[in-house]
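Structures given as structure tokens follow.
Both of the next two complexes hold chain A, though its partner changes from chain B to chain C.
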Partner chain A sequence: MPAKYLEAEVRREAGVAVIELRGEIDAFAEEALAAAYEEAEAENPETVLLDFEGVDYINSTGIALIVGLLAKARAAKKRLVACNLSAHYVEIFNITRLSDFMGVYPDRVSALSEASTP
Partner chain B sequence: MTAYGRPDHGGGPRVLTEFSLPSEPGNERRVADDVAGAVESLGLAPDRMERLKTAVAEATMNAMEHGNGYRPEVPVVVEVISSSQELLVRITDLGGSPVPVPDPEVPDLSAKLEGLQTPRGWGLFLIQNMVDEMNITGDRDHHTVELVMHLEEGPKGGEDAS
Partner chain C sequence: MTERTPQPEQKEPRDAAYWARYAETLKVSGVAEGATNINVEGRRAVGPLQGFGKMWQKTYRVRLGGVAVSPAEVIQTWKDNYKDFWPEGNVFYAPLAGITPGEVALISGSLPGGVKLSTGVMVLYADEESFTLMTPQGHPFSGWITFSSFEEDGATIAQAQVLMRANDPLYEVGLRMGGHKMEDEMWQETLRNLAAHFGAREPVETNLVCVDPKLQWRHYRNVWHNAGIRSALHMVTAPLRWRSARKRR
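And now, the complex of A and B:
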């Protein structure tokens, strides 16, 4: 099975920096994820939303990369939130307690709606 | 405890598949998909199948990285065995390092966010949470991680578990 390297695109919606993710979040994703986060942070948004709709695989290294982004966001006093995770990865976010530290929403509309609430 | 062995045509434990793959980054997904294909007939609930695939991928990654040092010429061997009660997936590396012991320190996200723990270190933790049992055995020539899924609804059963 050929690896589906991560592609990440940054958009701005309702004052939120949205990082649209497609592919796999594993060790190969580090560079793309870091570059996208840097681009998202450049406009100094209050909230950065990771949209996992196009992601079909996250491994333990990918979890570590997300922990790294969360640490960066917290250091910069920004909110990092997530949406469109599959049920399996919602479970993994619960087990790892990522969902205790970042809002996890079923879809982008609910994430943006919540993010725009002060 | 169920006894396992070679194929038993009388309906006992049977080897569903056995194969090996080079220790190359990304092959963990191939292993997870091949194991999922091999156990399809067992009728695991979709959520348990996803957990099994994650555990298999993580165990394979550990075997390739920590056991075999990502040397492609050193294979990871995978064996899938089922009985009426259990599904076993054994993942063996040929590393010469000590048998890995699950870290007694549970990954603590608060500590990781404060820089008190490395952001990594989720692999064995995920495996332990995805399957019903995990056993690690080995000697100086190889390590085997054995993943066990109870085929009757167990403590980590699906949404309909009471």
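And now, the complex of A and C:
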């Protein structure tokens, strides 16, 4: 099956920078993720939300890329949260213990509502 | 006759079979002769976010130039002979089921100063072209080691990438006082051994990046699980255990 490269689009909603992810998060996703994160950070939001609705493949290199984003966000004193993870990816976030450090929300509405709570 | 509404097919994601299943704590399925399971069973697996020290991404890679071998063949060979590529002095007790997701391997190694260390790793992820090991609480570092192979500029590359933090303040000091160097040399030798297995003799490239220079002081209590201290205590108290075992007989 041909690889589906990651597409990442940045939107602004309720003061939160939302990165909509579509495709596969693996070693080839590094550039797209880094560029999207940089764009998201440009307006200095307090929270960056990763929306995984369009993601259908993550390998361990992909999880390491997300850890890298989390480290960047924490260094810049920003919150990095996630939404729309399938049950499978929620389990991956639990196994890798990413969920200890990242808020994980079932959908974008709940993530945005939580992010706007002081 | 009732008409049945077709149900949407619940497809498993393509990566589902490659990941370990969630388990609160690690379980070792069998302890090989010579291995010690004092720092693995019942411990939690920890990633690079749970540790104490600076977060490092260390990448070691070797080009298998002039060798006709595919990335999948490299990874299969690496999985099958993992222990043989390690430098002398460290022993990897491969799980009975091999390097497959969720399996736990025991390790006997050494720390700077010659302290013997009993620890282990869990196979977090394994597919045809990569696999990742995750460390338990008490291991010198909390993190992942991803072994992968891919093609680049007409050659097959073998790579080991470590994403880690020292697990506690003592290990952080140890890493700064020679532990990092020991670790770098270990992975460089591993890759040289792997390359030699395929008949390649190219240098190992090393790239070290500090991803997060901050220490996570709230995790200083990780020292409670320190496998180096526990291994040393286990060794020192061995005569007492022998004596009480003899008395019971």
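Here is the rule we go by: the second predicted complex is superposed on the first by the 118 of 118 C-alpha atoms of A that agree within 3 Å, B and C clash if a C-alpha of one lies under 4 Å from a C-alpha of the other, contacts with A are read in each partner's own complex, and residues count from 1 in each chain.
In this section, a contact is a pair of C-beta atoms (placed from the backbone, for glycine too) under 8 Å apart; a residue touches a chain by one contact, two chains touch by 3 or more.
Since the model is a prediction, treat every value here as computed from it, not as a measurement.
Asker: Chain A superposed: clash or fit between chain B and chain C?
Answerer: clash
Asker: Check whether A:83 is in contact with chain B, with chain C, with both or with neither, and answer first, second, both or neither.
Answerer: neither
Asker: With both complexes superposed on chain A, which partner does A:92 reach: first (chain B), second (chain C), both or neither?
Answerer: A:92 contacts both chain B and chain C.
Asker: Contacts for A:36 in the overlay, against chain B (first) and chain C (second): which applies, first, second, both or neither?
Answerer: After superposing on A, A:36 lies clear of both chain B and chain C.
Asker: Counting only touches as set out at the top, which of chain B and chain C does A:64 meet: first, second, both, neither?
Answerer: A:64: touches chain B and chain C.
Asker: Please state which segment of chain C collides with chain B in the superposed model; the candidates are 133-141, 169-177 or 223-231.
Answerer: Here chain C runs into chain B along 133-141, and the other listed stretches stay clear.
Asker: Considering only the contact definition stated at the top, list the common interface residues of chain A for chain B and chain C.
Answerer: 1, 27, 57, 59-61, 63-64, 67-68, 70-71, 74, 86, 88, 91-92, 95-98, 100-101
Asker: For the complex, which residues does chain B have touching chain A?
Answerer: So the residues of chain B touching chain A come out as 25-26, 28-30, 33, 47, 50-51, 54, 57-58, 61, 107, 109-110, 112-113, 115, 118-123, 125-126, 129.
Asker: Which residues of chain A touch chain B in their complex?
Answerer: Checking each residue of chain A against chain B gives 1, 3, 24, 26-28, 57, 59-61, 63-65, 67-68, 70-71, 74, 86-88, 91-92, 95-98, 100-101.
Asker: Give the list of chain A residues in touch with chain C in this complex.
Answerer: Per the stated touch rule, the residues are 1, 27, 56-61, 63-64, 67-68, 70-71, 74-75, 86, 88-89, 91-92, 94-98, 100-101.
Asker: Can you list the chain C residues touching chain A in their complex?
Answerer: Against chain A, chain C makes touches at 12-16, 18-22, 45-50, 55, 57, 124-125, 127, 130-132, 134, 144, 146, 148, 150, 161, 163, 211-212, 214.
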